[in-house]
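First, the structure itself, so that you have it in front of you.
When the chains are written out, they are named A, B and C in that same order, and each has its own residue count from 1.
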């Protein structure tokens, strides 16, 4: 079977490669933000904020390419689902980078405070979970692996668990003098990291859509399991 | 790799010059051949016209010959006779020819059509003298010569011509027309009558006119069936009818130079008739082609 | 990552397992069972099983030579005119086998009309083109109204109402095709078969024909053969995909997939359909 739409296929391949590269950029941004947070490194935080511009650039370029593809090539069936999935993933990746920037900005705001080591540790764990989820999301898309995509729901559970431990610690520590503003900011950081996890799940849902042609939220499945 | 100069050398070298001469030579030879053919026709027309024109007059065309060999008079009986003979022939050949062509083209299967087609081809190749002898044996022997026999003989000449030209015309009607009509739930006959035949009428007319032109000049079939010399206009086809081609033959054998002159004049009249009808037929064909959207 | 990512093969997730057809399916007009068509000893299509539903537009798509035209011409017995044609299987029209004993092709064609790829108006006036078949079939009363109704339904009345006595050949290509549609619906068939009706027309004329089909399906059941996939996607409620099967020296067409158009173009069940609609196989 010969592929007569070679150019079109190449365009699709390049688009996907571009998206994966954007994913790698997002991972770098997140790693940078987490390091800055852990070390209280304001300069690193600034670099992270600046680096987000690159992600934004990539985001816009991918948007344009998809618009062009839709107009010129009228993709159908799998091609259509692939392009639509990539359109959504692009959005989720860009949001994730923005959240990482939020973390960096919050790091800068509290740079002068040492903070609570246990809470910081908790946040690092959540951050690592988020990183893992991003990797799983990107890999499951690249390999068209439905099971791996669906496993993101369970990984999201892990972030939730870390978050619960975090909240318990917050309750213990919030009364200490000089820490109240810091704790407040860190709560926002934890929310932000959780949201990064949510977006990774969304990317998994797009992979599932591509493979099954169904518009479905994973949480339906997990709710059924929980009961 | 060609230099820029070589690439731009569109004038060509020696080989192209020889090519040009060969082209020109071929053109000249072809033109000469065509002109020769035209010249032949021109010579025929001009020589007949030269010898016959002097006799032509209104009285020549409308009066019968004088009773006792006086000079003057005309070929009115011949013209009328020829007209009646051709009319009879057309009356027989036209419906038969068109129906046969319709059958062959629209209804017959390949196996049935092929032998019938062959018969028509053979028929058109039959020497007209043989036709004359045949009709003589069939209708004249034991009876008298008659215009009917003559008309019948001419119809055998016309039949394959009309059938063939009708077939050609029917072939020109595109199958998409037939499909369109059939798809509307019309029967085969309705399709033929309502769509195919109306489109083909022009071509059929042309073929008929050409066949008439041909039949008007046939001599051999008439020699055996209606070869007579009369002074007055005859119109009863049960008797033999005088006609132009036979009379030309008879007069040319005579020793009287007056007869010779009359022969040339009659030949001119016949020639004029044939040429005019042929031109008419071509014009009609052109019109009908345009109507079919070709 | 500098290398382009080539798509790994899809996991065989059963995309066919979704809810049933979305377009409400009404009465069955054609029930085709095991249809096999041969010309002489050569098979053109084999073993086609399909149901065509009332008041829907059903498109037949597929590569050249896969028997789409052969298939559609079976529905109104137009293949009868082709020598060597023979048919196996059953072709039921409202339960009646169209190829059964005693069935008159003429009666079949009065109920199942056809419009061809290249517009083929008769060299008559516009009026006579539309009026010819009704006259011939005995529908002589109210001929003027019948002609006007047909031309109106074909979106041609306004264009020609002042020149009904002019030759049909004076119309443009798109108008001629609409005239052929008017001609077909003048005898009030139930079904309209359109064999690539717009392939000889320019894009604007094509668009008009597509619009027309959407209006016509209210009153007629429409089956359209098209080699233009986008047209099928735009116009059809259901789509049947035919493809070529090669068996040794034999080449014949088969029905690969038949479903809601939307399903066929977003998540086809068969890999061959996927390859065809995405243009992966020429």
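Note that a contact is a pair of C-beta atoms (placed from the backbone, for glycine too) under 8 Å apart; a residue touches a chain by one contact, two chains touch by 3 or more.
Worth saying up front: this structure is predicted, and the values here are computed from it rather than measured.
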Quiz item: Quick one: which chain's Cα centre is the longest way from subunit B's?
Solution: A
Quiz item: Using CA atom means as chain centres, which chain is nearest the centre of all the protein shown?
Solution: C
Practice problem: Could you put a whole-Å number on the gap between the CA centroids of subunit B and subunit C? | Solution: 49
Quiz item: How big is the gap, in whole Å, between where the Cα atoms of subunit A centre and where those of subunit B centre?
Solution: 93
Self-check item: Junction residues of subunit B - those touching two or more other chains
Solution: none
Quiz item: When you check subunit C against every other chain, which residues touch at least two of them?
Solution: none
Practice problem: Would you tell me which residues of subunit C are touching subunit B in their complex? | Solution: 76, 78, 81, 83, 106-110, 113-114, 116, 118, 120-124, 132-133, 136-137, 169, 180, 183-184, 187
Exercise. Quick one: which bits of subunit A touch subunit C in the complex? Just the residue numbers, please.
Key: 1-5, 8, 10, 12-14, 16-17, 20-21, 24, 74-81, 142-146, 211-214
Quiz item: Contact residues on subunit B for subunit C in the complex?
Solution: 109-110, 174, 176-177, 179-187, 190, 194-195, 198-199, 291-293
Self-check item: Complex contacts: residues of subunit C adjacent to subunit A
Solution: 1, 3-8, 10-11, 13, 15, 18, 229-230, 233, 264-268, 273-275, 277-282
